[in-house]
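The data blocks that follow each hold one structure.
Note that subunit A is present in both complexes that follow, paired respectively with subunit B and with subunit C.
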Partner chain A sequence: MSTNVPAIGLPSRWILPAAAGLVLLSFVAAIFLGIVDLPARDVLSALTGSGSREARSIVLDIRLPRIVTGILAGMQFALAGLLLQTITRNPLADPSLMGVSQGATLTVTLFLLFTVYLAHPDSYSVNELPIAWLPPMGMLGGMVSGGIIYILAFRLGLSPLRITLCGIAIGAVLHAIAIGLIAGWGSARIEIILEWLSGSLYARTWDHALFLLPFTLAGLAMLPLIYRPLFLLRFDAAVARSFGLSYRWQFSVVLLVSCGLAASAVGAVGPVVFVGLIVPHLARFLAGRYFPLVLPLTIVLGAVIVTLGDLIGRVAGGPEEVPIGVVTALMGVPVLLALLRKVP
Partner chain B sequence: MDARKSSIAIGLVVAATLLVIAAGLMPGARTLSFDAVLRALFNPDGKIESILVWTLRLPRSLAAATAGAGLAVSGYLLQSLTRNPLADPGITGVTAGAIAPIVTCFVFLPWVSGLYYPLVGLAGGLAAASVTFWVARGGNSHPLHLALGGVSVSLFLGAITIYVLLFAGPQSTALLFWLAGGFAGRTWVNLSQMLPWVLLGVLGALVCHRVIAMFALDDHSAAAMGVQLTVWKPVLLLLGVCPVAGVAPVAGPVAFVGLAAPHIARLLRPRGTVWEIGLAAAIGALIVTAADLIARTVAIPKELPVGIVTALIGGPLFVYLIQRGRLDFKGQGA
Partner chain C sequence: MPLTCSQLSVLYGRRKALSGFSLSMEKGEVRALIGPNGSGKSTALQALAGLIAPSQGRAEIEGVAVAAMSRRAIAKKLAFLPQQPVAPEEMTVAQLVRQGRFPHVGLFRSYGRKDEEAIEWALESTGLAGLADRTLQELSGGERQRAWISAALAQEAAILLLDEPTSFLDIGYQVEVLDLVHRLSRERGVTILMAIHDINQAIAVSDRISLLEKGELRFDGEPARLAESGLVEKTFRVRGTFVEVAPGKPPHFDVELTKLRRPAS
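Now for the complex of A and B:
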């Protein structure tokens, strides 16, 4: 909790405005750049409500919703990762540690399997798939598997180590079952699952953004309540208790917030796991260990990383866009490796 | 257990494996009677029964047994090398490291013959393991670093695998079935591709049993006993990756066997390292053979990927080990 100087020597009061500027910059870039070459003038006129129908539909119905969804999801992943890393005192924690992405994968698979097979055994068209239901289903699965891991670890005294071990075990089981189901299912609709699995902002609509918005707001609203306990949760249970913290209760609350944020985001955009892992480290690298600065910076950078990652995926891949999950994984690994070696 | 009891235990497990293999010759899309199996086994004629037994059911069961033994020894070696009860081919990223380049080769370089896949897998598995061990400082840092580093490496490689699958188009279904781990339609050729790698791992482990036993101490003590760490660590790692490299191209990732079998073997407390390795291999063979039998009989005529079955067996066992405090890293400041 010491006020360490930021690693890069940038005065700390400039960091947040700079990050906010970066959000704006990436947002503007994401609107103006894309696979369809729209002149900047057309984009501007589409934004103000005039302009050709084509430009309006590209900007307002395709680009904007996926950017907004990406920003919301990025904020949620980053915040969830930061909370998990803080309370488990594990610099490598990310939402998949709580089995969130694996559980979500399993329920989405099960859901598609059952609805498609039971309701439309003969349909091969993507339009008939109940895609609108995927976000809530994914979220449900993420929460349930997080809950199972929590219950298993709770019996064992809720130490961060136990959570990690149970998370690895349950996550691996759920993942194996999901992959097995997808394989055994083996139909032409497999691509839907694959696309969802790789984490993608492709074809995200305003519905997805609206689905995420309440969770983002709720998560942000919870922050003032869990802000002070977070300081103490960074210590051992014994130390935290000696400061008068009801450890289990506060630990559980923070865990719940983190799981809720991660699970809803996974439901909407698929398992974009690395965002939750990298962004908090990036924030710590920029802001030092000064938590009051790290927290907002994490949220802001989450939005930037996902927007930029999606932009890169959209532009770099040509007509076959690279899913954001792949982009973040590729960008994240060098960061991760450097970081892992630094941890004593 | 003394040597006699240990050998009896290994004998019993091997006998049970053979029994499962024999029993597995009967059920299937066309159920054969016991007599028919015996007749086909000892007097193979060109009839449908002997084809079923000799080209469909026997090779796949033997492949399952071989894969199980290989994965178990691989897990045993990785656990000894890192002194980390969590280490296994899956958690250290070795499996994902073998899978990702093979999938990439399959989709983008179709002219690479399947014969080279073990080599590709070996290179990938070694690379992934090196990264994981580099992150975990050769297993000397906090034990969780190994697990988390490995899981992160696996996640990364998994993302690549999924992305490559998106390019695979119509092949993705076949690839996915392979990715789920399974022995359906594996032939004598597959078995012979896999066998040398598994034998290399198992025999290598048996030959090096003295060194492995000394690795149970900490690094300093092992060095003081005359173990050249800079030589033996890479050698043991290589031996540990070999079976996975052989098994992965044939059977895909078979989850949890490498983790569970050595733990079960140690629970039985055999006499020394040699017996532990043997017992672990036998138990691994039994688990995978039984899982394969279950996978292909519960939903005749369809079959489940064997990975589901081993995950369903191994996952609860893992949780049980956690609950019993066997994975507690005592005295390591967790």
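Now for the complex of A and C:
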């Protein structure tokens, strides 16, 4: 429809290029700016393979993998949030609704407890942490708790409301257990888990990016498959089924995609879940009535918000950088309030 | 026979919402489903559309059991418009009506010319061509109702089930919807079953009427015979008479408003 004009007045065909330009801009800004004041010339030469070893290490081994991990995680959180908000018809849904972040938190906590802290009961010793194991462990926990919630809701008829109620109940229990375990620890050990809990891109390497990449690609590859069902899942079940949709099957597929995206992202960077809540709202606001734009905008904005949020956290905090989870939450609340003013 | 069911029973927990309901519709027939609130009209429609599983009996589309068909296969042959359907407020009329083509295009096939024509026809038939780009929240209750009817029409199904399609419409749009129903059946041979509250409209528009009471079929036949049977007065607990308005025209049920009469003081 040519007459569809999004809310901000730009013709819809300009929105995506504009958003893509924003991605590039934030990407470039994130490479050139940082705690270490690296001249632009040094950054450029590091990117082309020459330049000093120090500059190369900062750009190629610290900044770039961190940015790429952030972009992938941001896309995944935002997409997971959009899918969940759409199928549960709940504008406040985010990946924590499916217990993903709580389950991941609990598994990571348990994992650290059993592998490190029980073996080294001295509460002030700083241990070598099995960092590489955290992403798969967190993801596993997220998927398992998502699965438990799904099975519970399925037995009760799998309505959006049932999913929401089961999710809140199970999520609260898992969260309480994790917090209880953390509270029982000595003070010096809490720091690591707190860092992870607040959601951080600190010290993310190419390993993290490579861990995420297959999930990002798989999620994007699923989009053509769930694109039309997503339209229909916005109706109540009777209407969607009358239009010819196998409601339960398609609901489950979308839910699985959402959980997979969210759980792997939580595993890699911790629960930066606010991105999953905020970005879909922002995308819907920009797309206005032109719904087909919402999906691509969500993906693009997810990447932008996380990249910029992390940049702000790095630059504003100095050496004591502010975790991305904190930045997005602080930035996100006013945005959410502003957007919610539009809701009748 | 496009649509039949025999001995259809539906249980809600322990309550029997429908018991032993039978129906057999001819091609192009308009059938009204009437009965008091809670008599099982919506339940019957949903069971026929395969949306709820009956505890007994079965519904058939062209001789094939509905329970054995996929949702898409059903939607190609049967369009069902529930009572007060819910859609996202920011959805436009055109986007809603396009969803009616899902059974035809499926997950991947792109919208062809036939699909666009069906959408256009559905919008025009409901007088919504000029409102296609409005969002649903910008519409009046009557326009919204017509948008949903339009989406059901876009399915181009040979069977149309409507659950109280005229409620919330003013008398002008009520007549328009009933006229559309009549035209669809006569010009396109669409078989139409609709739950409806207004007995006079039911009598005026339908070829046959089914009367439900407490989940059981009390009457199945032509409108004129319903008028003679005295069942309407009994089932709805009212007093009234069927009066002939004009020769050859369906009778009009004139209800006595006895319950409104103030007691003599």
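Everything below uses one rule, namely that the second predicted complex is superposed on the first by the 320 of 344 C-alpha atoms of A that agree within 3 Å, B and C clash if a C-alpha of one lies under 4 Å from a C-alpha of the other, contacts with A are read in each partner's own complex, and residues count from 1 in each chain.
Criterion: a residue touches a chain if its C-beta (ideal position, glycine included) is under 8 Å from a C-beta of that chain, and two chains touch if they have at least 3 such contacts.
No experiment lies behind these values; they were computed from the predicted model shown.
In the superposition on chain A, contact is made by A:Arg284 with subunit C only, not with subunit B. Touch criterion met: A:Val333 reaches subunit B, while subunit C stays clear of it. Within the superposed three-chain model, A:Leu92 lies in touch with subunit B and out of touch with subunit C [touch as defined at top]. Once the two complexes are overlaid on the shared chain, A:Ser52 sits clear of subunit B and of subunit C alike.
In the superposition on chain A, A:Leu152 contacts subunit B only, with no contact to subunit C. Shared-chain residue A:Ser242: touches subunit C; no touch with subunit B. More residues of subunit A lie in touch with B than with the remaining chain of the pair subunit B and subunit C. The residues of subunit C lying in touch with subunit A in their complex are 46, 49, 51, 70-72, 74-76, 79-82, 85-88, 90-92, 94-95, 99-100, 102-103, 105-108, 132-133, 135, 151-152, 155.
The touching residues of subunit A, counted against subunit C in their complex, run 1, 3-4, 89, 224-225, 227-229, 231-232, 234-236, 238-239, 241-247, 284, 288-289, 291. Across the complex, subunit B is touched by residues 90, 92-93, 96, 152, 155-156, 159, 161-162, 164-166, 168-170, 172-173, 176-177, 179-184, 186-187, 190-191, 194-195, 197-199, 273-274, 277, 320, 322-323, 325-326, 329-330, 332-333, 336-337, 340-341, 343-344 of subunit A. Of all residues in subunit B, only 86, 90-91, 131, 134-135, 141, 144-145, 147-149, 151-152, 155-156, 159-160, 162-163, 165-167, 172-173, 176-177, 179-182, 255-256, 302-305, 307-308, 310-312, 314-315, 318-319, 322-323, 327, 329, 334 touch subunit A in the complex they form.
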